[in-house]
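What follows is a set of structures to go through.
Shared chain: chain A. Partners: chain B in the first complex, chain C in the second.
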Partner chain A sequence: MLGQIFQITLLNLRNLPSRLGSSSVIVVGIGGVVTVLVAILAMAAGFSETLNRAGAPDRAIVLRGGSSSAELSSTIDLQRSQYVATLDGVRLASGELYTVADIPKRATLLPSNVVIRGVEQSAFEVRPELRIIEGRNFTPGRNELIAGRGASAQFLGIDLGATVELRQSDWTVVGIFESGGSAYESELWADLATAQSAFRRFSLISSMRVLLEEPGAIESVRGDFENNPAVDLSITSEEEFFRSQSEFLTTLITGFGYGVALIMAVGAMFAALNTMYAAVSTRTVEIATLRALGFGSAPVVISVLVESVALALIGGLLGAAVAWFGFNGYTVSTLNQGSFSQVAFDFAVGPDILITGIVWALTLGLAGGLFPALQAARLPITRALRGD
Partner chain B sequence: MSIIQLNQVSRHFTKGRQKVEVLNDLDLEIEEGDFLALMGPSGSGKTTLLNLIGGLDQPTAGSVEVAGRQLVGLSSRKLAQWRSRNIGFIFQFYNLLPILSARRNVELPLLLTRLGGRQRRRNADVALAIVGLGDRAGHKPGELSGGQQQRVAIARAIVADPRILVCDEPTGDLDRETADEILDLLELLNREHGKTIIMVTHDPKAATHARRTLYLDKGSLVREAA
Partner chain C sequence: MNSFSLIWSNLFRRRVRTFLTLFSIIAAFLLFGLLRSVADAFDSGVEVAGVDRLTVSPKYSIIDGLPVSHMSQILATPGVAGVTHSTWFGGTYQSTANFFPKFPVEPRAYFEMFDEYIIDPAQLDEFERIRTAAVAPADLAEEYGWQVGDRIPIEGDIWLREDGSRRWEFELVGTYRIRDDENMFAGFLFNYDYFDEARIPETEGIISNFSVRVSDPDEAAEVSALIDAQFENSINPTRTATEAEANRQFAAQVGDIGLIMNSILSAVFFTILLLTGNTMAQALRERVPELAVLKTLGFTDRRVALLVLLESVLLCGIGGALGIALATLVLGAIAPDLAAFLGQVEMSAMTTFGGLGIAVLLGIVVGLNPALSARRLQVVEALRR
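Up next, the complex of A and B:
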């Protein structure tokens, strides 16, 4: 049986060059589905990875109690920030002002929200992964900015040495920083006191980044907040904070990706069905002759399926390759619903996404080949020999 | 000793609501080593009879015993196995696979055996030599004339050494001279190699190469000529 399957399959595959045009319909159709699916899933994965990359297990975010997920709506006064810095389990605290400003995007020239984060030196100590890669750090007391690598790439005029107007005052970009590809790279950072003054948020901060003694210390801090309701603060681990921010958009993009791919897949499957029906139809007499000679129906079914799946696999691999070379590492930005600001991120075409694409291709090949294969095997030999 | 025995064989087809009777209560006995020509007008049931003998079809009623095996009721898998061991098919339009060389076409039935690749090729070459195409083994069907293609088909039919050759209008697509060559070859296979041959033909001259001729009309045997 295996020998028969192998021999007939080999015959079918050797026949492929004579049906190059029709066979390429399957390859191109399924390749297109895989490209779109992989690209969109890579977009979702890239966005999610970028946000999650910003989280460290021993870092947490302190916000005003009623604004558990948004730094923008949180306000913490000086008294509360001093209280947090003295709590057991907190090794280091960084009070930060978080606001947004409109700056045109390079790609669309349309204004979009960019995060401006006012920070002190402690912000850099809390985030040791952050480093200046061009220029220098801002000087406290001056209207100077350092821009994340993503922000510089995505927003117009955010270039080293350039002056940008934010809320009726001019700011000079004096440095570009990176932070391991995290969401911080989509932000502009300035001196906290200068930003508070420029944005009229005198002595107020939005949030605090705290470096914990150890990841478990978050429970101790949370306990302190709960035992002292008057402070009205909440603490969330950075990992959880960014995960919740990415959840909505990641789910949306992933759902959209599967939806689009599904619609395309229906089309590709009909193309595959059509092609395989045509392939079987043009070889009706050949298949009948083989069956008359003594080859069984099962090897005929399996050989047609193998051909269809082989074409689908070629399409899937090509589609995955196009997605990989065309999109992997491609930088875009989108509005993060959690922070109401633009987040620059790279498409991330990972092995799991490629495998998903290939599995889709194989499934389509199998579905497209099944009915033509059954038809080839079920047609009575005497009729098929006449080419009916 | 009879190698083919059909008793009270009927074959009906249904076309829409209409029942078409192709063979009616047909009895037939063919001795081993016979060369039988089946003649008759179109629609008389010749090819249907041939298909029943070749194990490609099943009767509506009656029994079909060929090469010591009752074919009625065999599963399609068992029938396929049986055909591969006992029957060689020769078709009017040769039914060769165009992408394969003559040798590879002839080798096809041997793929169903346990023979190794080298032995299969050797046997295919012997079969091609018997039909006089030893020097064309590497040619594809498209590079051969009609007569040569039919010779390749005959080589394919005999390569697994079946006892029975079933030929459906084997010269129907050939000119007179080539047809005679093919018929001479079939005669040789019958005479020298002991193959039992059943040949459907419309050509009275082709039938003269057979040892006897049976005439069918409306699904029944009407007469026999030696």
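Up next, the complex of A and C:
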């Protein structure tokens, strides 16, 4: 039996090239489905990874009361920031000014919200993963800024050495930094005091990043805030903060990707069925001859299935390859509704997404081959031999 | 037997093949209908924009706000026929999942400016008269089950009240609907005067943007430049653009949705083209002897070619029409779920007829090659096969 399966399947695959035109329908159809699915899932994954990377377990964000999700609408005064820095469980606190300015995107030349973060030295100590890869750090007191890698790639004029106008003041880009591919790379950083005076936010900050003694210390800080309602502050772990920001868009894109791929898959499955029915019908005489020679129907069924699954696999691999070479690492930026600012991110074609694509391809190949295979097995031998 | 019934019976001689091809085409046009409608919904802000309206925004970022005192200067600008303002309120109703825009506005001036918003005059009077009054788009009120007279609490985030609390409460005095088409910018509206008095004093008098009506839409560019020039050197410089342009810029922040949709559609159509083309070529190959018989019977070369071409156009046309019809049904079913973040999503006439046009075009492209070979077919040679 195994020998029979092997022989027929081999015979089958050998004469595949003679059906090249119709076989390519399966390859291209399923390849198309996999490309679209992988590309869209990679977009969602890239976005959520970029935001999630910004979070560290022992870091937390302190914001003013109700603005638990947005740094933009939060304001903290000097008194409150000093209070936070002295709390138990807080190892280091970094008060930061957070604002946005419109800078044209390189791709569309349309103005988009870019984050400007005014920071002190402690901001770098709180985020040890951040390092300057080109140029140098800004000098306190000067209108200098450092730009994240993503910000520099996406926005017009954010080049090392260039001068940009931000809100009626000129700033020189003196350095480019990276932070492990996180959302911080979409920001522009400047000296806190200089930014406060340039943007007329005297002695006010937006938010605080705190480095905790240990991740659990967040509860003690939260308890302090609750016991002292007058300070009207809230604390969120950085991981939770970024996860909640990415959740909505990630779910939306993923759902959209599966929806589109599903409809395409239905179309591709009908195409595969069509091709496999045609393949069986052109081989009617051949199959009947084999059956007459004593080959069982199971090997015939399996040979047809193997053919369709093999074609689907080729399609799936091609589709995955197109998505990988075409999109992996492709940088785009979008408006992050949570922070009301642009986040630059790379499409991330990860192994799990590739596997999903291949599984879809195999499933479609199986579905497209099943009925034609059964039909091939049920061919009445005598009639088929006559070529009816 | 006329040509049509000949084509029809040819089409269904291989039922399985025809139906499988048909279903593939239906799937393609189902996607076409859905993706185009979603892309349209993203662009809707641009389409619904009034041609004679300008938006005056803060020059550097929409988060800055503008002083309401700019208004008299804007109104005095030559070419300006009317002006009003609105403010982005942010805030949450019950849960952050319940997203809808909320704006404090000048009741009468706002409804005069946005004359596509239709409200009962008596309700507008109430809106103007009652300090804590609010009006909502009819579909929003329906979604949350609000009745006129209900008190609606909103938790503020950007705007705090003078007493330090975040809780704002409004009384729903009416609903409004939007002529022709709904758009994603229609918001929950309440009285600016009340808002301004109740917010903390340091933030008083700050609004998000002005809407300006120009007397002559052709002068929009000149009027925009005049308005911006007046505030150029103030501490609150402005940026003025037509409403369509301002909406387009805002939508572009999300990313080029149209490009993504069109890329997916190209992948879909490339696939379908290959598949249907292959099927048509196959159908023709099987039928070469028949076509030769037709020619022998006196059918002209042209007529035979036309028969083949029409068969392909018919198949794609039926598939396209069914796909678009299906998309309309599906959209109707999922539109309420999409409404929260896309506004009203519906199939436009442009999508419907564009889709049908593409289906016919697909039929022609796919059928052209088989039709030409049918035309070239030599009777003697074909019969010998």
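Going forward, the second predicted complex is superposed on the first by the 388 of 388 C-alpha atoms of A that agree within 3 Å, B and C clash if a C-alpha of one lies under 4 Å from a C-alpha of the other, contacts with A are read in each partner's own complex, and residues count from 1 in each chain.
Just so it is clear, a contact is a pair of C-beta atoms (placed from the backbone, for glycine too) under 8 Å apart; a residue touches a chain by one contact, two chains touch by 3 or more.
In this text the structure is predicted, and so the values were computed from the model without any measurement.
> Should chain B and chain C be called a clash or a fit once both complexes are overlaid on chain A?
fit
> For A:Thr99, is the partner it touches chain B (first), chain C (second), both, or none of the two (neither)?
Second partner only.
> Let me test your reading of the model: by the given contact rule, A:Val285 touches which partner, first (chain B), second (chain C), both or neither?
After superposing on A, A:Val285 lies in contact with chain B but is clear of chain C.
> A:Thr382 contacts which: chain B (first), chain C (second), both, neither?
Touch partner of A:Thr382: chain B, not chain C.
> So, A:Gln4: does it touch chain B (first), chain C (second), both, or neither?
first
> With the two structures laid over each other on chain A, which partner does A:Gln82 touch: chain B (first), chain C (second), both, or neither?
neither
> Could you say whether A:Asn15 touches chain B, chain C, both of them, or neither, answering first, second, both or neither?
First partner only.
> For the combined three-chain view, what is the angle at the C-alpha centre of chain A formed with the C-alpha centres of chain B and chain C, to the nearest 10°?
90
> Please indicate which partner A:Gln121 is in contact with in the superposed arrangement: first for chain B, second for chain C, both, or neither.
neither
> Pick one for A:Gly294: touches chain B only (first), chain C only (second), both, or neither.
The first partner, chain B, only.
> For A:Thr108 in the superposed arrangement: first (chain B), second (chain C), both or neither?
Only chain C; A:Thr108 stays clear of chain B.
> For chain A, which side has the bigger count of touched residues, chain B or chain C?
In the superposed model, C touches more residues of chain A.
> On the overlay, how many Å separate the closest CA atoms of chain B and chain C?
Minimum over all C-alpha pairs: 16 Å.
> Mind pulling up the chain A residues that touch chain C in the complex?
Residues of chain A touching chain C: 21-22, 24-25, 28-29, 32, 35-36, 65-67, 69-70, 72-73, 99-102, 105, 107-108, 110-113, 166-168, 200, 232, 252, 260, 263-264, 266-268, 270-271, 273-275, 277-278, 332-335, 340, 342.
> Within the complex, which stretch of chain C touches chain A?
The touching residues are 16-17, 20-21, 23-28, 30-31, 34-35, 60-63, 90, 96, 155-158, 164, 166, 235, 237, 248-249, 252-256, 264, 267-268, 270-272, 274-275, 278-279, 281-282, 341.
> Name, in rising order, each residue of chain A that touches chain B in their complex.
Against chain B, the touching part of chain A is residues 3-4, 7, 11, 14-15, 18, 285-286, 289-297, 380-382, 385.
> Quick one: which bits of chain B touch chain A in the complex? Just the residue numbers, please.
For this pair, the touching residues of chain B are 47-48, 51, 54, 56-57, 76-77, 80-81, 83-85, 89, 91, 95, 97, 99-100, 108-109, 111-112, 156.
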